[in-house]
Structures are given as structure tokens and as C-alpha cells.
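Two complexes follow with subunit A in common, the first pairing it with subunit B and the second with subunit C.
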Partner chain A sequence: MSTSGVMVNPGVQSTFQKLSEGRKEYRYIIFKIEEREVIVEAAVTPEELGVTGDDYEDSSKAAFEKFVADIKQRTADLTDCRYAVFDFKFTCSRVGAGTSKMDKIVFLQICPDGATIKKKMVYASSASAIKASLGTGKILQFQISDESEMSHKELLSKLTEKYADN
Partner chain B sequence: MSGGIYGGDDVSGLVFDAGSHTFRVGFAGEEYPKGDTPSFVAIQEPEPDEDVEMKENAEKKTSNVHVKRDKNVFIGTTKIIVPRARTNIQGFMKDGMIDDWDIFENLVEYNYNNILYSNPQEHPVLFTESAWNERSKRERLTELMFEKFQVPAFFLSKNAVLTTFSNGRTGGLIVDSGATHTSVVPVHDGYAVTNAVVRSPLGGDLITEQLDKMLAEQGIDVVPTYKIASKEEVEESQPPRWTPKKNLPAVTESYDKFMRKQVLEDMSASILQLCDATIDLEYADKLPSTPYSLPNGFTKEFMAERIKVPECLFDLKYLKNTASTGLMPVAQMAAAAAGMSDIDIRPSLYSAVTLTGGNSLILGFAERLNHELAMKCPPTIKLRVSAAPTSTERRFSAWIGGSILASLGSFQQMWIGKSEYEETGRIIVDKKCP
Partner chain C sequence: MSGEEFTRGPVFASLPKTTRGLPTVLGASPNGEKILYCNSNSVYIVPVDNLTEADIYTEHPIATTVAKMSPSGFYVASGDNHGNVRIWDTVNSTHILKATYQVFSGPVRDIAWNDDSKRIAAVGEGKERFGHVFLFDTGTSNGNLSGQSRPMSSVDFRPTRPYRIISGSEDNTIALFEGPPFKFKTTFHEHSRFVHVTRYSPDGALFASAGADGKVLLFEGSEGSLVGELTDPSVSTGAAHSGGVFGLAWSHDNQRIATASGDKTVKIWNVPAKSLEKTVNFGNGVEDQQLGIQWTKKVLVSVSLSGFLSFINPELGAVDTVRHGHNKPITALAVSSDYKYLFTSDFEGNTTRWEIASGASKRIRPVLHKSQVVGLSFSNKNELFSVGWDDTLQVTPITDDNVEAVRSSSVKLASQPLGLASTPDGSVAVVACYKHIVLFQNGKQVAEVPIGFSSSSVSISADKSLVAVGGQDAKVHIYSLSGTNLAEKKVLTHSAPITSVAFSPNGEYLAVTDSGRKVVPYSVSKDFVTASEKEWTFHSAKVNCVAWSPDSTRLATGGLDTHIIVWSLKHSGEHPVIIRGAHTMSPVNGIAWLSDKRILSVGQDANVKQWDVPN
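Moving on, here comes the complex of A and B:
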């Protein structure tokens, strides 16, 4: 259990499975804490996102930017906190293996500097609960404090750095 | 702050954050602590036996007043500074842990009665502790709170973790520069990495000591306020004109030292500054000077010395007449703590270096730490040093974190309840509080 005692709604796990397994129904999911529980706030399918073109080609840039815009709107321009998972499709070149298409799920803990200490505290001290429910093996974690840390470029560079040579 | 959407329960937990300089207490859910009492008490030894007997004999004739033979304990900012005979100033913390339990008990009682005005039996209590607190001390504290103070519920939380959480993070490197020492605690996934903690007795007390030595070199006399009856205004750098107070009791050495330290602490808070980069004496000479008046009326414009004194935090060469054995500069400590942590978490530690503690309020501390760490950490790593903007947030960061945590509706199930304690005993704290 998390330090704060916040629980995770069973819906979180089942929704996440629809993103991580089988047909990969969703592109991203946003979670929030309400009434001492982590719940699904929004789960967005690729159709709803309406991004045309190949995600691997632009390394999910278009999709990710729409996701960031959604986050900003939901957090009233980064004055609130959220958790989110995003299915990051990208291409990276590996030494000796040429380019390859990668598909990684990133978990973002968004606690902007502009949010109140109370909100930051609640989300940070409850993070272990949601991470346990999603299964830490499947996700790559990022802590976001400001917009620069949530830029497509920054995440992509961290992902390619991690996967380029192993 | 009310319970808000996270739970409307009306539970007024208390939060206690004991430091080696001050002891912060208050109600959970409030923004700042109610009380910030010095962690020092004045203990007056009983009068020598002959005197008491004499007085007793004298008083027997008139009344039946019982003359106390016990020690007198004085607590609180205004009480401990009064000059008294046979009175020593003593603290209860050592190395960031509770050491003198009698003084500690006295202080807890004082906080309940004079600051919180509450009955211990009615409020759950959350205590903060240092990351290296010993198991025996954690259990002793649990036992004390349940058995002596009869609290209904108790919880113990690591101060570094609370600071991390209140920054909206689950991990990071907490650089806590306090009065007696500076510590660096890596936090990962909400837990302190206790085997990678680095600490060094390099804190505010050392800075005041260095300042004292600097003043002694310049032939400036630091006279504590209690000795001064009156003073006259004098021109800058002119000898002070002041008259000493008469009829002072014979104070102890520890009291005089404590009072001198008060002056020096104020002085270091007012004039000291750190260089942004490695000290550059030419630059130092160009810094604007800052005037400071000592309690006896002596005034001087302090120049380059005000950046040389705190420089020892980052460069031990600047320590004056102090053995530098066992000391480690702050940036090196931070790099060492990160280096001892698992290689996979190092980037996340460097990306969330958080500066806290009263001593970190020296001007330029955060900038300097950033500069020094940038040279020490691997070049591909993104470094981010943050510090709370206001001095209250910086001094009380652990308390504020505890205040929010203990006020959450969801947290109410996490307390160690009295019945649980009675069932399992003091070892319950090791199970329930990581």
C-alpha cells in the first residue's frame, strides 16, 4: 500500500490492460485521485486522437503533443497533478541492427511546480500504489515537474538513450 | 487548508518535527507549525545543600513552605535566555537523533501544554525522524508516546521522504543542511536508501564557529546581549561605548556560549554569502559590503570576509584552525551519496536534487551546489537542483510534508493504533513505518 493509504480502483488495472495487451485499444490513459482512490479520468483510443500518418515515422510526435495539450487542459495549465500512461511508438537506430520500431509504455507522474504542495504530496505519496497496480515491469517511469520535462524531445531522447544499445 | 476533496474527516492529528536546532510542532493540515521552540533547555541545578537547609530553617519559623531541591527546567525562547546562576544550556539531539530522553520528554510536555494547548490522549501524533535513526530509538519513541503520553495513534516518517513527497516526487537526492550537520539522503520510490546516506558535521554551528574565529582575528569582541545595559551610537569601525549590566548572577560557561552563539547566528544569517562558482578573490573584493552592528554598538562594513567564511562548506581549505578530518564538502557528499546508490537510479537522483534545512538559507547556496555538482556528475545526466523559495518552507519542509500527510483522509487507516500497539508491542513501528 502507498504511504498515503490511497487505494487504486479496479478499473485502473482493467483499463490499462486494454492499452498494454492484445489489440491495444487505447493510446493513452489519464488517471486522477478522487475520494481517496486512483481512478481513470480519460482513456483515449487512436481513433479519438485522430492522428493520421505513421506513428513510428514521427516517433509519436503528433500524438504526444495532443496528449500534452489534453494534460494541460485537464490540469488547468499545470496547476494540478495527474498520472498518465502513454503508448510511445518510436524508431531508433541500434548499433549493428539498423533501425527498429519500438513500442514502449511510459508512465508519467505529473506534479508540476505550479500545483499546491498538498496536491503534489498526495500524488507523490500515492504513486507506489498505482505503479504496483500497473506492474512496474511493464512501464518506464518519468517524474514531471515542469513543461520542459514533458516535451516530446526530452522523452524521446531518454527512450532512445535507454534502448539504443541493448 | 481543509480536508478538501481528499477527505472531510475532522481528525486533528499533530505533527512533531524535532531538529537539532529547533523543535517544530503543530496541527496536521495547517500550513506552518504552531511552535518552533529551541531544542535547548536551561537546567538550573539545585542550590547547594547547606544553603537549602539554611533557607528551610529560616522559613520554618515563618511558614511551612517547601523549598524545592529539584532541578529547575526552563524551556522556550524567552525563558532560556534569562541569565541565571548554576544554569546550563543543554540540547537533546545528537547526530540528528534523540539522545537525552529526559529533556526530550520535558520539551514534548511543554509543547502540549504551552503551544498546542491540547491533551495528548486526544490526538494522533506523527513524528519525523532522520533517515539513519536507530531501531532502538524508534521503538523507544513509540513506547514513550503510547505509554507515557497515552496517544491514541502514532506514526513515524522519514524527514527526507516527506520533503521529497512535498516536492511532488517519489525520488531524489535530499541535501539537508542543518545546524549540527549536513546530510545527503537518496530517496527512491518513496523510500530512503539508507545504506547510501552521507553525512558530515558541517552545518550552521560550524559556520558560526568560523565566523567567531574570523571576528577574533580582526580583534572584534562579540558581547552577548545579556551583558549590555546600555550602548551609544558610534561611528563605523570605532570602538564601541557601552556599559555592562550590573548585578548579573554568576552564569555558567554553557550559557555564555549559547548567548554568544545567538549573536553569531543572527550575524551569519544577515551577512554571509556564497560565491556562485569556485571562489575568486578578485570577484570577492568587488562584492558590495554589508554593514552589521553587534549588540554592543560596534558597526563595521564586512567585505570579502563574508564570502570566505561559508566557503568552507564547499572547500575545506577555508576552514580556520579546525581539523578537517571527518569532514566532507557538501557537493562531494552529494556526489558520494549518488555514487553509492544503484546505477539505474542515479539519473533520477541527479534530476531531483532538493536543498533543504536552515543552513541552506545562506545566500547563493543552491546556485553554488548546482555549479559544483555539474562538474561532478556524468555529462549526459540532466541535473536539476531545486530549493523551496521561502525561508519558512525551506526550514519546515519536513514538517509541512508531515502536516499534509497526516491530514489526508486516506492516511487515517495508516496510523499505528493504540490497540495494535498493545497487541504487538513496540516492534510494531518497524512493521508499519518504513
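Moving on, here comes the complex of A and C:
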């Protein structure tokens, strides 16, 4: 339950719908808290990302690297907090089913150690509000406090671990 | 055997369950002749203009929260505390289940049907989501109601195309969804506190919202632009009400809105003029807060925190009638000797007087006891004797004029009372307490006899010569009463704790029930030999209560097994009349006869039921 009093802008949900449903217009979205409200900071289409080649082949590595670079730039080298959703496309091998292409949306709560305590508090206590309004039932959540936790390999191994045997 | 063994008579239905600070949602049938509400595990469909009828649906396994009838009138969707929505048929009295869906895991707060009765939206306090919209016949999802960040309290469909869903949430927002399939469109932040209710006008042109900030706002129906606010100049905050608004209902002609508020008023507004038409004031107590409202065919029905249903004439802005009664288990009852009035008391100590013929009810005020009432009796001198777990006996003179302003005299008892018996003229009353038997004459305590067992029930014979006390020690202790002196005369032994005892009106028999399922009539004059030919063990669980017919030939018992059984001493070897599931899913707590052929029962479900039992 959100107790920080931070509101969620209607744009958050409508932008997220464009990432999660239908044509999947966006590849990732970055949210930030401004004037006690969660708003969309950036919504990036695959074209804007400029990644060529099959995302499933490299398990979104190229796209994710660009996403991380974007985050680092927006948070002044991880001294600020953000929420983000990323459409993770990857392949994983399952026992008896061979390899299959997977497409999972991940929610990242990025509260780096370098950010001020006040910011970390506000983002942590408002996380439930944005998660509830996105409808978190179907998306995976990760809490990130330093760059290594945001590495592509780390997330991929968590995803494959979760989806490999079910 | 010819004809029916029994038929169901009038029912005085329980009142809706209420929770302070939360709206109580009332449903209505499409023709506006019936209202729907919930209490404990049941759903009630109650006619607006008849106090003695009710259709009670008892299939929910846990506490119900809201029930709405489809616009076609053929189905009801009812929700419960675990997020289950049951959809059931209204045409058959058995209410065949169409489908049941778990929409989320938490209490359902509101349900809405769309105008073609095909889609249902349910909202509440789920863990992973707060709302769900689905097709009623297959349960297929018909969209996604996410977008609000705290539990959703209210939901409504736009009744005309293009379809919309609106919802109010505890994150202070109103959300608008477009569809089908329904998708989040936007939220409105005009309220500064919880939004309790959102409702479309019947023609879909506007929708109104109301919340804990006392504001009532009007929006355009399709795109949701704010078109105005209803304000009362006499409210200092400039809002519509000085307290939270919990209920809102549109009139069928789209011209008026009625709002129910925690400031203990109902207000009726003119929508085109955005002006206040009528204010209906209720009392000053917390229990007079109004938590829900429904516009039926002729009248407005408003529910207060106490559960009372007020029927308001919208033209006059005045309360026509009020249905008092109970929404907590009824624990005790008494019938006046002329069979005109019924008195019932509930688990919380509230006592209600009913006119048996019409079903009209009045709460006795001030409250007699502050906790559970365990015994009631009404003398032919119009005095109500009552004992409760506040360890007092209250003697209250009650006439037609003073029901709502009674003055009772209170006597502190030596230990916790468990049973009360008095003679019809009220001159002698006996209270069985945990460690004492206390004797009263003309309302004054005259004797206090310590006992070596803990009592459960008591009865006094009509000639005032014998007192029977049932005990937790599985024995019935018979005392002879002379003056103020009680002397133990005989002990009858059962195999399980005694639950109730009753002398027959002619003094010939003593009926005893126990928690070992037995009902035993003893013959008083033949030194308490068993008067029945065979053993009377037809209850399948503890027997709670027993009552003799006025002619002393039959007795009725009610039990934990939800059954009522009517036994005849003339045919004591034959199978008795069994009313199975008399208070469906709920123990029978008290029973009385209204004539030689009619009985009245009260149950844990807070209902009062009558049964005709011809010989």
C-alpha cells in the first residue's frame, strides 16, 4: 500500500498499455516522480533504439545495453532514482521442449546507493502505487541498487531460472 | 397424511450489514419493486412495499458483500469477502447457480451489470488487482481495469453506447475505461479524499461521483469532462455534505440525484439546475450516519450505520417509514400474551418491538443492555423483563407511546445470568445465573440462592409452585417455591448439558432439551416420568430452545442443526413434523407459538420467521 501520498499520472497506465498490448509500440519506458506525481519520463520505440538484428538471438542484449546507458545518463550516473519497464525478449531452453522464444515485461525499481536517502525513501514508498496501477499480476519485478544488479546477464539468468522449468 | 405438514408464513428479514466508513451498496430489481442487500452469508431480495416477505439466498460459503440484479431481471450477481462472484437465477425459488468466478482475492466492494446483461464488472480490495470485467456466461475477461493504485470502491457501466466503465478508488481518483474490451482511458483527480461512489445517469449522458471529502461532482458521460459540482451553501466547506458521501442514486428520469452521507443527512438535488431540493435529517448519533441509498420505483431507500432502512418520499423529502430490526444474531425473544407484539434482542443488546400482524418494527430506545441479551419476557401488565451479559435484570414498562423513550429499572445480579422465566402477570420472575438463582417478586429481588452447579436455563410453572433449572451438569433441578423460599425437590438426570426447560401452560408437563440431541417431556403430576411413548431424538445436533403450544398438546424445538421440529404429545410415538433448514445455514436460537397452529422462530441469521403447522 502506498503511503507516501504520491499520485500516479493517468499517462503512466496509458503509455504502459502501448508497451504491453497490441502492436507493442514501445520497447521500454522510464518513469520518474516529479511534484508528488509519477509521470512518464521517456517512452522509447524500437526504431528510436536503433537496434538491428533479432532481439531473441542475443536475448535483447544490445537493446538492454542501450537502455542501461539511457538510465545512467538520466540519473546522472546513478545518483537519482527511477522506475522503468522493459520488454525483455529472450530464448531459453526447457527440458523436453527445446528452445523457445520468450517475451516478458520486467519492472525495475532503480534506487542506486548513490542517490540521496530522501529520494530512495520516496521511490521505495511509492513503488506500490505505480505497481498497483500498472496491474503487476503479470510482470516480473526487480529492485536495483547498483549497476551490477542491472547487468544483462544477471537479469537474463533470473528470467531463465524462473521460466526454464514451467 | 393429508396436505402439507407445514407451510412457511411471513418472514421479517434481517437488515443489511454495515461497516463504519465504508459504503453499503444496495441493489434493486429493474422494475424498482425490490431491493437487494447482504448480511452474513446471505443475500436478501426484499419487496419495498411489503414488510413480511423476503427471498433469502444462502449459498455463499462466507460473508457476502454486495448483490446486484441484472437489467433483464433474470440473474443476480453477488460478491463475497474472498472475491467470489456467484451468478444465480432469480426465477426459480431454488436459485440455480449459473456460474461462480473468483475475480480477485479479497472483498468485492461493488458489482455492475451492463445494459444488455452480458458483462459484469466487479471491484474491491484484491491483492494483485482491484477490478475485473468479464462476460457473465463464460467468465471470459472483457478488458483490464488496472490504472488505480489503491482498492476500488465503486464501479458502474455506461448504460448506452459507446460503452464506458467508471470506477472510484481509495487513491482519490475516478477512472474511465473505454471498451469493449475495456481499456484504461484516464483518471480524474478532482476529489481530495477516497471516492466512495460513482454512478451513471440512466440515459448515460452524465455520471456523478461522490467521496469522503463531501463533494458531489458531475461529469459528461462519454469523455468524462467535468460539467459541474453540486454544492450546498449551508455547508461551511462549500461541498455538498459536511461529512463523507457514501451513497448516490439517480432518479429514473435523470433529473435528480439523492446522496447519503456520514453527516446524517440525505440530500435530493436537481441536476439540470445543480441545486439542492430537499434535505432529510436523521438523528444525531453515530448510528444515524447514512451509508447507502437506492432509488426504487416510488421511494428512496436509505441505509444507516445501525442497518435501519429508511423509506423516503422524494417529493416531500420526508421519511415515510423506517424498518428497524436486527443485523446481528437474535439471541432472545418474547411474545405478548395477546400475540400482538414480538420482542427480540440481539447479540449487541439491541431490542426491537414488532407488530406481528403487519411486521412493523421499532427499536426500543435507549438501549436496555450494553451486551448480549440472554432472556426476555413480556408480562400482561406491559412490562418487559430482560437479562443480559451486563449482569443486570431490567424491568421496562412499554406502551405504544414510549417505545423510543423507555425508562427501565435495573437490578444488578449476583453472577452472570443465563436464563429468565416469569409468570404471565410478571409478579414472579426467576433468573438462573452462573452461580445463583435469583427470585424477584413484583420487580423486587426477594431471594438469592447460591447453587452448586452452573445453570443454563429456567422455567416457572403457571401456578408459581415449581421452578425448574437446567444445568451444565446434565441435570434438571426442580425446586418447590413457597413464598420466597426455594427448596430442591427432585433432580432429573440427562446424559448431556441441559439447554432449555419449559413448563407447559397447563402445568401438566415439563419439556427439557439437552445438547445430546434429546427432547424429553416429563409428566409433572406423575412424579416426572417421561410422557412420550418413544425417545424424541430427531435433532442431529444440540437442541437450543423449546416452546409449548398454548393448548399444551404440542411442543416446538429448534436446534443447532438449523431444523425446527414440532412434536405432538397425542401422537408421541409417531414421527414428528420436521422443518428442515428452517433458518438455512444458521442455528435456531429461539422459538414461540403464536396460536395452536402457528410458530415463530428467530435465528443466528437475524431473521424472524413464522410457520403454519396444522395438526
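By definition in this document, the second predicted complex is superposed on the first by the 165 of 166 C-alpha atoms of A that agree within 3 Å, B and C clash if a C-alpha of one lies under 4 Å from a C-alpha of the other, contacts with A are read in each partner's own complex, and residues count from 1 in each chain.
Note that a contact is a pair of C-beta atoms (placed from the backbone, for glycine too) under 8 Å apart; a residue touches a chain by one contact, two chains touch by 3 or more.
Keep in mind that this is a model prediction, so the values were computed, not measured.
**Q** More residues of subunit A in touch with subunit C or with subunit B?
**A** B
**Q** By the touch definition at the top of the document, which applies to A:128: first (subunit B), second (subunit C), both, or neither?
**A** both
**Q** State whether A:14 touches subunit B only (first), subunit C only (second), both chains, or neither.
**A** Second partner only, subunit C.
**Q** Regarding the shared-chain residue A:29, is it in contact with subunit B (first), subunit C (second), both, or neither?
**A** The answer is neither, since A:29 touches no partner chain.
**Q** Could you tell me if A:78 is touching subunit B, subunit C, both of them or neither one (first, second, both, neither)?
**A** Touch partners of A:78: none, neither subunit B nor subunit C.
**Q** Report, in rising order, the residues of subunit A that make contact with subunit B in one complex and with subunit C in the other.
**A** 1-2, 7, 128
**Q** Which bits of subunit B are touching subunit A when the two form their complex?
**A** My answer: residues 1, 4-7, 157, 161, 164-171, 189-190, 348, 351-352, 380, 384, 386, 400-401, 404-405, 408-414, 434.
**Q** Which of the residues in subunit A come into contact with subunit B in the complex?
**A** Counting only subunit A, the residues touching subunit B are 1-7, 33-36, 81, 109, 111-113, 115, 117-128, 131, 143, 145, 161.
**Q** Please name which positions on subunit C make contact with subunit A in the complex.
**A** Subunit C reaches subunit A through residues 128-130, 144, 146-150, 171-173, 183-187, 189.
**Q** Applying the document's contact rule, which stretches of subunit A touch subunit C when the two form their complex?
**A** Interface residues on the subunit A side: 1-2, 7-8, 10, 13-14, 17, 21, 128-130, 132-137.
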